[in-house]
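Quick one: the structure is below, questions incoming.
We call the chains A, B, C, D and E, going by the order they appear; numbering starts again at 1 in every chain.
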Amino acid sequence: MQELISRAKELLADGTVARVLGWRAGDLPYNPEPAYFTTAEELENFVYNGFCGANLSKYMIEASKLEGKTMVCLKPCDTYSFNQLIKEHRVDREKAYIVGVGCKGKLDIEKAKKLGIKGIESVSGAEMTNAADTLTFQTIYGEKSCSYAEAMLERCHVCKGKEHMVYDELIGESKDTKDAERFAEVEKIEAMSPAEKFAFFQKELSKCIRCNACRNVCPACSCRKCVFDSTKFDSAQKANVDSFEEKMFHVIRAFHVAGRCTDCGECSRVCPQGIPLHLFNRKYIKDINELYGEYQAGADTESRGPLTNFTFDDCEPSIVTQR
Amino acid sequence: MSSAKNQAEKIKEISGVNPLKCMKCGKCSASCPAFNEMDIKPHQFVSYVQNGDIEALANSKSLWKCLSCFACVERCPRDVQPGKLIDAARQLVVRQKGQTGLAPEEIPELLDPELPQQLLVSAFRRYRR
Amino acid sequence: MSLNNEEFRPKIVAFCCNWCSYAGADLAGSSRLAYPADVKIIRVPCSCRVNPMFILRAFEKGADGVILCGCHPGDCHYSTGNYYARRRMTLLFSMLDYIGVENGRTRVEWVSAAEGVKFSQTMNEFVEKIHSLGKNVRLGDLRCRN
Amino acid sequence: MYKIAKENLPALFQLIAGERELYVPVNNNGQVNFAAWTEGAVVDLDTLKSVKSPKDAFFPQSENLYTCYKDGKKITIQPEELQNQNFVVFGMKACDVKGVEVLDKVFLSEPVDSFYAARRAHGTIVALACHEPEESCFCKVFGIDCAEPVADVAAWMVEGELYWKALTEKGEALTKAAASLLTETDEAKVEAEKAAIRAIVEKLPYSDLSLEGWNGDALTEKFNSPVWEDLYKPCQACGTCTFVCPTCQCYDIKDYDTGHGVQRYRCWDSCMYSDFTMMAHGNNRTSQLQRFRQRFMHKLVYFPANNDGMYSCVGCGRCVEKCPSSLNIVKVIKAFEKQGGDQ
Amino acid sequence: MQRIGVFVCHCGSNIAATVDVKKVVEMVQMEPGVVHAEDYQYMCSEAGQAKIAAAIHEKNLTGIVVCSCSPRMHENTFRTAAQRAGLNPYMVEIANIREHCSWIHKDMEEATKKAVILARAAIAKVNLNTPLQPGESRVTKRALVIGGGIAGIQTALDIADAGYEVDIVEKTPSIGGRMSQLDKTFPTLDCSACILTPKMVEAAAHEKIKIYTYSEVEKVSGFVGDFTVDIRKKARSVDANKCTGCGVCQEKCPSKKAPSEFNRGLNTRSAIYTPFAQAIPNVPVIDRDACLKFKTGKCGVCEKVCQAGAIDYTQQDEIVTEKYGAIVVATGFDTIKLDNYDEYAYNQSKDVITSLELERIMNAAGPTKGHLERLSDGKHPHEMVFIQCVGSRCSDNRGKSYCSKICCMYTAKHAMLIRDKYPDVNVTVFYIDVRTPGKNFDEFYRRAVEEYGVNYIKGQVGKVILKPNGKLLVQGSDLLDNKQILKEADMVVLATAIEPEPSVRQIATMLTASIDTNNFLTEAHPKLRPVESPTAGVFLSGVCQGPKDIPETVAQAGAAAVKAIGLLAKDKLMTNPCTAKADELMCNGCSTCANVCPYGAISYEEKEVNDHGIRETRRIAVVNNALCQGCGACTVACPSGSMDLQGFSNRQIIAEVDAICR
């Protein structure tokens, strides 16, 4: 972290960048927020630890409009999103000075809380420099601990890898955190009967409160005006009337980001109701891989997405009933 | 009949070759160094598999005359690769005889860096027949 | 709507591309090849004009089945439209299947302008399929019922 | 004061649900929210906070206002019926109860919102003291005592027993209805629990938060402060904070075409959304900064200015926990505090 | 709110026998917007159309629904009728209650019910229709032909003869193309030069044709009817106005080591050269890579010997910008590289040659002055072997998957010519199939066998081995005799696959014309529009579209010319108004739509927008109405729903869906 701060100070000082986009220490041990820093003094509050899960690439859409370059800290998985945004002309590569930051898996405080850890006063083991496998919590109700992996975000268990897809320089090391199969959950659902599938999603989606957090953090959902907010499409709805709307919203959203979703996992991270929204996007990634060949959105900035492409001998839609 | 069909399917599966792609140009037979020794010629392998006449193929001299030099595989313009078909037919015969021909644990000893592995494997199958 | 409330009369929306399938449906008509009146056709310029939202919208508003017909791959009036439609619909149908909607409720069929018989057959089959599945209850908005 | 053993609560719920609707915190796939009690529902009284506040028992996320039916050229309009059945909300926390009080200020003052008023008239609240408050809680700042909730019935969970004390007529009536399962007891254990809870509250990191300066006086100064510029930036304009909040009261009214008519309904809206209060001429607030500022100015400045100093925040801490960008009202208050200190 | 009139047609009894038209009239009057409804025996008749016109006037109708036969039948009729009555034709919608209803249903109640629903859908759509105006764009009455081979020359001549100006851009120093390299042509054995050179001269002399040789297309912008093209005229180093074409410079040039492109590298040429004697224009160019003056600064012989003073070492490339209404691509072909075909020993022996090289050898102006001889030792051959399908019909990645189409015929031609001129030479042809569909083609091939004794062997060659004695050993198979053949040969001729001239890729990109996996330009429709590119205003001539022989090329060249003339003959282009349109405020500028547009109709502009008070410059999709054909692929690809299709808008289709489902 100190290395990051000093590098940020250097880049600010020599005029390479006009601002730094990173994380600012929060008022609780686990809630740092995305923030811009323009001076060395401000950088004193810069923080980078296991709780800095937010994908900053989407912030670069706005930052690309600002005068001068922005130093942005991107984790390996964030760089896929950034590439995809370059491909869609939503960010300006020239306006970004990308510092690829190391990542050892990001934490989900909700998971720790689910383990009964509450009244948290301080946390140790979440620092980037510390390779600790255990998180220790000082709480009002005494000292508690859990393993780092136990409190890790779902996406880190199926990590795409330690490599940054785009960067100007790299700071810090990354760790392999993958310990689960990316498509295992999807396969489990695929194996269910239609009634079970329906019940599963009904149960999950009935929790949805249409807060739009999933959409608004999603780097692929970068539309200036979402179709769900647009009166032009006759699809603007905010109601939470019955389960259909939620299904419609999430299915359409998954379709809109199909072939563009990098599987960054932000949707699931932010859902206040803990809905595993990645199951929608990952289903599409799996389908695309199986039907049209392996494709990782954001691995490059030029290739055609699977939905803006075709081959003459693509499978027919009836494959859905045949599989 | 149905077993012949199954065997033909098996050969296709082992070789990964689709005999229907053959346009009967004969480049395989034109390339084959063992052509004169063969009763069934390389370009005929394809139609034998296509027609399901595996019995004749399995009993042919050609099966054991093929040198596995893979000239036909290399030159076939349609990716039909008769050499792979004959190799698959051999495997089928070997399997039917209840042998694997070569136990995996025996291989390391036999390995000679100068020797192409393909030759080693196919020659070994032949001698263990 | 129906006089006999007991009988299930499905609502079926068929999107047909202007150049092949709509003409195929016309040919079915001029050849007097019957199919159930439950099928209502919407004309679109090309199968690639059909947005998945239209299909979900139909279900939302009470459709029991949606079928998309376009030119055969390779014959698209716009060269490539149906290739895009094919991928889009494959993925949409896969998602509907994934969330537990019976996968027989959606279908894509390539019908040329000369295939009046195929059009009629396809519609007959599809209506029969929807009959076997019964009323769509998994993907409709409650407010549109009754 | 009465008590009932924890293991007898299902029987209590069944009894209450037998005669009126009962809302309890239910665990659905790991998330706890208030929902109608049904046989087999996983009631969860241990989780401190439901994800959504229980405000939708009185102010549902979506509710129908009236329905138009169209038959040929004939149109009939049928208003939605008002709540006319009694119901109980069991397990609200002191902050949530205070939240309802905030809503009352909005919906029960003239012109009275009849939908809301009907629900309030028919609803009985059983509030549960917070056994183990958490670090995100700051109800104390707003003068709320989570150890002693003020509702129709106040309840405490102590050592496997639920203590029950009716505070209003409605509470008395519910107590009478549930009498067969309640036994009389003294308050000793409850007093000890209260003391314990209050001791913990003192230790909470946000308990010393100061609201100094957050009165209606400094309105323009606050409005024009440069602090907002820095604060709003991480905000991604989702509505999470609004939708989990027990006091947010804004709604939108929309029409839904049912094919055979129109349903007019209202649903929660969020001031964080870009189309919030969108009118024919466009939008009052064109930037996220303005929308962000609106939310906190409303809660901390405008509302108290119009409601005898009552803030429209109750310190439940849900936004602290749920904001995708880790923003929250506490950070806003602190940012101004810091700025004040700097000057 | 629209004022809609609904007109229900009986179509005699075609509709009325199964659909209760009176009931339909009664029911549709309940629909929003409908202010008028009536039925009539034959709506499409003059009387029926008059009823529509009367209603438009009397009721001030803003939209019309006709419940009748298929729109494919009479949509145009009713649109025209509406237009005559002063209504925008795009305010008319048809409910197809004949083909899609009365003709397929028997039960009257059911058919009537369905007819009402179909009418409702059409009414719901008309409620959202907006008047559309076809756009107009001007047509520059000049065509560009890219490529100066026989395809390009023929196209240019045909267009010019129709009275329009044509420019030909040819990248080599002379027009003529591949055909000028051929000796004789099949199946008539005409001398290629004898039939081509008059055409070249005619093109050069034509007052409407301007020829840019040694030039390349650099940039294309604009669209159908209005293209702007930058042409790079490469520096020739010779002033074309002064040069008399005497040829002394070429004779005296001391640097004569450059391989002759025209002779496929079989011999050399001077650094200042014309590719061949009949070149048009007959103005040499200096190959600056080979010229001593340019390489060392010393020499200048040509300048000294040129009496006309035409040599200009200081000449620079020049960019000419021209406007065109139509562009014809005629970039032709080349033979594939044989580097991947070691087995034929092409790179090992000078006596293994391609068929095109044989053309040069056989040609009196070629490297051997028309004598058939081995290039290795100049000896006369006695045994010649031809190998067919070299690199054609290959599904591996070494060759091409398609049939090159011309090889069977030219090989028969070569075999015949050799046997005719040198009866002592034995000719053997190894073939897979002999394909001779074409007028007098099979007769020609049979003559080679029957009259000239050419030995055709069915079977492919596996290997050609260079023997120490300089001979070639051809190992092939004879599938009919089931034999492997070892044949000694003096020369081996490879019927090498042809491929589109590689530079066509850049040209296609500039034109946004689509191209297939083999680099052949794609036609707008494989059956019905074979000489048009999907990109409006771009036409295809010759092998750039697919393998062809000369007569086919000439025929296609003429067809492309006719299509171009048809375009140039128009003063203005009326564009289909049902085109896509992006909502500026919603567009993300993400380029997704452009990726799926088959016509290259979408481009992006940096544009200042006022989004509810926020002014900013954004990247925004702009649809060119002259190019857009209205398929709608972009509308679905667009993630924000910004892109919509006029006439089939999202809201219109959704309204139809709603009307059907309610």
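Note that a contact is a pair of C-beta atoms (placed from the backbone, for glycine too) under 8 Å apart; a residue touches a chain by one contact, two chains touch by 3 or more.
Keep in mind that what you see is a predicted model, and the values were worked out from it rather than measured.
Colleague: Which chains are shared contacts of chain B and chain E?
Modeller: none
Colleague: Which groups of chains are still linked by touch once chain E is set aside?
Modeller: Groups left after taking chain E out of consideration (others unmoved): A, C, D | B.
Colleague: Starting from the Cα centroid of chain B, hunt down the chain whose centroid lies farthest away.
Modeller: Taking each chain's C-alpha mean as its centre, the farthest from chain B is D.
Colleague: Could you see whether D-E or A-E has the larger number of C-beta contact pairs?
Modeller: Pair with more contacting C-beta pairs, D-E versus A-E: A-E.
Colleague: Between chain B and chain D, what's the gap in Å when you average each chain's C-alpha atoms?
Modeller: 77
Colleague: Based only on mean CA positions, could you tell me how far chain A sits from chain C in angstrom?
Modeller: About 37 Å, centre to centre.
Colleague: Could you grab the centroid distance between chain A and chain B? Build each centroid from C-alpha atoms only and quote it in angstrom.
Modeller: Using C-alpha averages as centres, the distance is 52 Å.
Colleague: So what's the Cα centroid distance for chain A and chain D, whole Å?
Modeller: Each chain's C-alpha centroid was found; their separation is 30 Å.
Colleague: By residue number and range, which residues of chain E touch two or more other chains?
Modeller: 596, 637, 650, 654, 658, 661-662
Colleague: Give the residues of chain D that touch two or more other chains, as numbers and ranges in rising order.
Modeller: Residues 256, 258-260.
Colleague: Show me, using the given definition of touch, all chain pairs that touch one another.
Modeller: A-C, A-D, A-E, B-E, C-D, C-E, D-E
Colleague: With touch defined as at the start, can you tell me which chain C residues reach chain E in the complex?
Modeller: By the definition above, chain C touches chain E via 1, 3, 11, 13, 18, 22-23, 25-26, 28-30, 32-35, 37, 40-46, 48-54, 57-58, 61-63, 74, 77-81, 84, 88, 120, 144.
Colleague: Inside the complex, what are the residues of chain E that reach chain B?
Modeller: Interface residues on the chain E side: 343, 389, 393-396, 398-399, 432-433, 458-463, 475-479, 482, 484-485.
Colleague: Quick check on the complex: what are the chain E residues that touch chain A?
Modeller: Going by the criterion above, the answer is residues 583, 585-592, 595-596, 604, 611, 616, 619, 637, 639-642, 644, 650-651, 654.
Colleague: Quick check: in the complex, which residue numbers of chain D touch chain E?
Modeller: Residues in contact with chain E: 72-73, 257-260, 282-283, 286-287.
Colleague: Contact residues on chain D for chain A in the complex?
Modeller: 28-31, 33, 48, 51-52, 61-62, 132-136, 200, 203-206, 230, 233-234, 236-240, 242-244, 252, 254, 256, 265, 267-270, 273-275, 320, 322, 324-328, 330-331, 334
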